[in-house]
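Just below sit the structures, each encoded as structure tokens.
Two complexes, one shared chain (chain A), two partners (chain B, chain C).
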Partner chain A sequence: MKRVYVNEEWCLGCHLCEYNCAFANSGEIDMSKALKGKPVFPRVKIDGDEHINFAVSCRHCDDPICVKSCISGALSVNNGVIQIDHNKCVKCLTCILVCPYGAVSEGEHGIVQKCELCVENSCGEPACVKGCPNRAIVYEER
Partner chain B sequence: MKQYVIIGNGIAAAGCIEGIRSVDADSQIIVVSEEKHPVYCRPLISYYLEGKTDLERMKYRSNDCYEKMNCDVIYGRKAVKLDKDEKSVVLDDGTSIPYNAVCVAAGSSPFVPPFAGIDTVKKKFSFMTIDDTLALESAINKKSKVLIIGAGLIGLNCAEGLKDRVADITVCDLADRVLSSILDNECAKLMQDRIEENGISFMLSDSVERFDGNTAYMKSGKTVSFDVLVLAVGVRANTALVKDAEGSVNRGIIVNTKMQTSIKNVYAAGDCTEGHDITFGQKRVIAILPNAYMQGKCAGINMAGGKAVFDNAIPMNSIGFFGLHAMTAGTYYGEAEGGEMYEEKSKGTLKRMFTRNGLLTGYIMIGKTERAGIYTSLIREQTKLDTINFDLLKQVPTFSAFSSEERKKKFGGAL
Partner chain C sequence: MSVEFVNPEFEVIRNDNRCIACRVCERQCANEVHLFDPDRGIILSDESKCVNCQRCVSLCPTRALKIVKNECRLRENANWSDSTIKEIYKQANSGGVLLSSMGNPNPLPVYWDKILINASQVTNPSIDPLREPMETKVFLGKKPDKITRNEDGSLNCELLTQLELSMPVMFSAMSYGSISYNAHASLARASKELGIFYNTGEGGLHEDFYCYGENTIVQVASGRFGVYEDYLEAGAAVEIKMGQGAKPGIGGHLPGAKIVGDVSRTRMIPEGSDAISPAPHHDIYSIEDLRQLVFSLKEATEYKKPIIVKVAAVHNIAAIASGIARSGADIIAIDGFRGGTGAAPTRIRDNVGIPIELALASVDQRLRDEGIRNNVSLVVGGSIRSASDVVKAIALGADACYIATAAVLALGCHLCRTCQTGKCNWGIATQRPELVKRLNPDMGAERLVNLMTAWQHEIKELMGGMGINSIESLRGNRLMLRGIGLTEKELEILGISHAGE
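Up next, the complex of A and B:
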């Protein structure tokens, strides 16, 4: 299956992926309206130090410990994509306790969020990859 | 065609069903469910009381999950005997169900100490199941005074769940602190303060000497008057089936890393078992939901002839009370046991990392818990700390602390 992969030597640390992610998942059609002057809660985050940067998001593991650990049955795998059902989630944060990649986080109002490869929003393919100016993240089969 | 029997219908059973079906699509699966409910999320009963979920959303799987998995569920019956010679499970109505392989996923039961005068208390409840919860819910009103015995996870979850639905809650515990199984003194105090600020009273290092109707007489000489009593002292693993069949049992049913018991073709999973805790170096009961699922799935795969091991169980918990969240994992070795502790504190947050022999063995994080899973994974994978920049990592959960090669594996490879 296609996943988001990182080429860390090409990452500029520009954080565009974070903004594109937050915009794609905002439900707004105007980027400045969606993001300007507001705290953003991206599902992909730039990690790194002064020498190297890289974008971290859900790896969509084949045998995901977050799904196996979810106490509310809110996390499931659908066609390889790990998705969260906000109607079932009780915000216990057990997924954050177990994700080895630190790729699940609390979003606005404490909502638990993670990358769903943009399958649930209008972007249709990962917005972070689409907007990356340097191909530091790619969406492909490996 | 084989026939698999699963005793129990909780999370371990769900894992077992899904494990079996990942290997064997056709054979018969029979689930014996003492509770008359399809599999539900047991830890959510306090969220139910709080109004954060409901009975429908508490279902662990979809309504057609048993059909989809081609399972038969026998509701309202209890397995009373495991006949290892006949290879059958005997139910309380005398029915005998033959098996090729069986998984005991019988869970645990509340432990109620023999308090003097307990029989004089009319409204008393355990807090383990949906039925317990609904019974408790029907017994309370806005004026109720509730006494909870036990300041562990079950007792405190119950207290938070009831908070806005009753007039008064008192929690007592023989231990000198709350959540004594997962928090040390200072961390427990932080949580206790938050819970007390929200109007719940504690009587710690104290226990009930006797009950007389709606009054509890404490060992300290104090008395507590209450309308509703919740008994959350502790739980005991349901080991009887395996024990009576002369299988190895300690505090829980003993299983190996394939979830086999000492009896041939008999597997066990979930809260009724004792598995190997890699941070503790010994077998212990690890009664947490993730463990139940992973053990169940492992058992199911092996029952159906596949190959699976589950060999990195650790205790771990993510819990919050009144907006203060805590995550804990592993074992906290003190200096006397050769352990070292790294600590960070600020107002409202506390982080303690426990290391020993070059490994992270446990942690407690309160108030600030982002990316805690990176630490959990170091414990579960027993990552040698000298292969990473742990001095950086213990402060900030960042992948900068790993080598570039390691990062390529993590973020560049198929997983």
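Up next, the complex of A and C:
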């Protein structure tokens, strides 16, 4: 299955992926309208220090601990993609606690969000990868 | 002090309706032009530091940025232009020599643009490169004077040492130090994939790139940095650098601050010491001396590698080339006055040397007149900008072209011409690790291969149009060229007729 992989050697820490992610999931067609003057809630986050940076997002684990531990059945695996059903989420935040990568986070209004490989929005392919200027994140089969 | 203030050249225009304060511009500008103001949640800019490299413009996700010429000019004066006056101010401030980079930007004639190419009509068929084979392969090196036979009467097909190029273009010398590790990695990988060559420049060969030796030309310059047995052994050819088009007659100076880590090891000089390339080679004061170095290098490489002598195009270039052709060198590389550099004194870059088109035409003619054209191959550089420049150069008499500015443009260079500051925002002309990282050689090599593949297609189309199916039949074929808007004298030197003739 194709997943998002990180080539940390080439990550510039520019944070563009975060903005492209937030925009892709905003449902808006204009980035300024979507993100201007508001806090942004990307599902990918840049971590690192002044020497190295890398993008952290859901690994779409083969044996996902978040799905196992979800008390309401809001998290599920669909064709390998770990997805969240916001209608079922009870905001207990167990998934945030158990994810070993820190890839699940609280979004706008405290709703739990995670990377769904842009299958739920109109981007068609992961927006973070598409906008990365240096191929520091790639979407491929490994 | 107000008298020291020099009005900035550019203005940074940010469309506030679009800017989302993502701070990408701030993080990406090594010149520290953009600054986030957390109190107001907006980005400020200090345009006095902007060099117009357009890194921020290219990366801004909302296309909110524009870098424009500062409209606040000094009073117009055809003699004292704005830039001339500002140069005076800068020198009055600093007391120093003005430095610049890349090629001469002044509006001096570009002869390529005044030369037109022929095409077949009616009386001779043109060739469709998509249907018929086209040969762009060239061999560089001394060619035999006559056909010889072996003892059994068969033809002797052994050629003298040659460089085989899949197309008549190579990447010219850019040293590791003047450009980054990742830029070198991109050039090396692309050369290998394309079947052409890149050139180490005078900074030695990084140990990681010895594996690309078959596609590497190693340079021996006046500083002799990084030259030792394995280095000469590693390359496919050895180039003696006598001069460079951007700064004929002067040497080079890479400040000690840039001689760190791998650069110091590759150049084989202590960390922090200035790398000074003397203006002349101190053992070469004549063609006879040059011959000694040519043959020393041939001895050292067991006569297996062609020796290139690179010179800048200067006034007596034809006589100089004639001397080089007799020195035992296999290839002469001539670099025109529009060639680029990582740093040169502005006055030299903008005022010394001659156009490559005129130099090439006169050298080719002189070598033919003297019957020694086959002693050497001719490679020309100094702002070859496109496939049509290549075709024109070949028709004027070159065997191949050297490109460097076009290659770094493919790598992302935006020709801001401030390489000398070492803060290249595109990761090319810098050694700062956080900037070097910006050039991913996977992308760099791919883009170079794309560029060369595109040029190769165009070269084939132009050749096909002329009814020529092999680049060898185009070389020196000046009948395929016509001048436009040139004087009798210019046409005479170029050896071409005027359009309509």
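Here is the rule we go by: the second predicted complex is superposed on the first by the 142 of 142 C-alpha atoms of A that agree within 3 Å, B and C clash if a C-alpha of one lies under 4 Å from a C-alpha of the other, contacts with A are read in each partner's own complex, and residues count from 1 in each chain.
Simple rule for what comes next: a contact is a pair of C-beta atoms (placed from the backbone, for glycine too) under 8 Å apart; a residue touches a chain by one contact, two chains touch by 3 or more.
Just so it is clear, the model here is predicted, and its values are computed rather than measured.
Undergrad: Taking the superposition as given, does A:Asp49 touch the first partner, chain B, the second, chain C, both, or neither?
TA: Touch status of A:Asp49: first partner only.
Undergrad: If you count the residues of chain A that each partner touches, which comes out higher, chain B or chain C?
TA: B
Undergrad: Which holds for A:Ser105: it touches chain B only (first), chain C only (second), both, or neither?
TA: A:Ser105: touches chain B, not chain C.
Undergrad: I'd like to know which partner A:Gly73 touches here: chain B for first, chain C for second, both or neither.
TA: It touches chain B, and chain C stays clear.
Undergrad: Mind listing the chain A positions that touch chain B in their complex?
TA: 3, 5-8, 47-49, 52, 54, 56, 59-62, 65, 68-69, 71-73, 87-88, 90, 92-102, 104-106, 142
Undergrad: Which residues of chain C touch chain A in the complex?
TA: 17-24, 27-28, 41, 58-59, 61-62, 64, 433-434, 437-438, 440, 442-443
Undergrad: Across the complex, what residues on chain B touch chain A?
TA: Interface residues on chain B, with respect to chain A: 15, 41, 43-44, 47, 52-53, 57-61, 289-290, 293-294, 297, 316-320, 325, 327, 329, 369-374, 376-377, 381, 397-400, 404, 407-408, 410-415.
Undergrad: Spell out the residues on chain A that touch chain C in their complex, using ranges where they run on.
TA: Touching chain C from chain A are residues 9-10, 12-16, 19-20, 23, 31-32, 35-37, 50-51, 131, 133-136.
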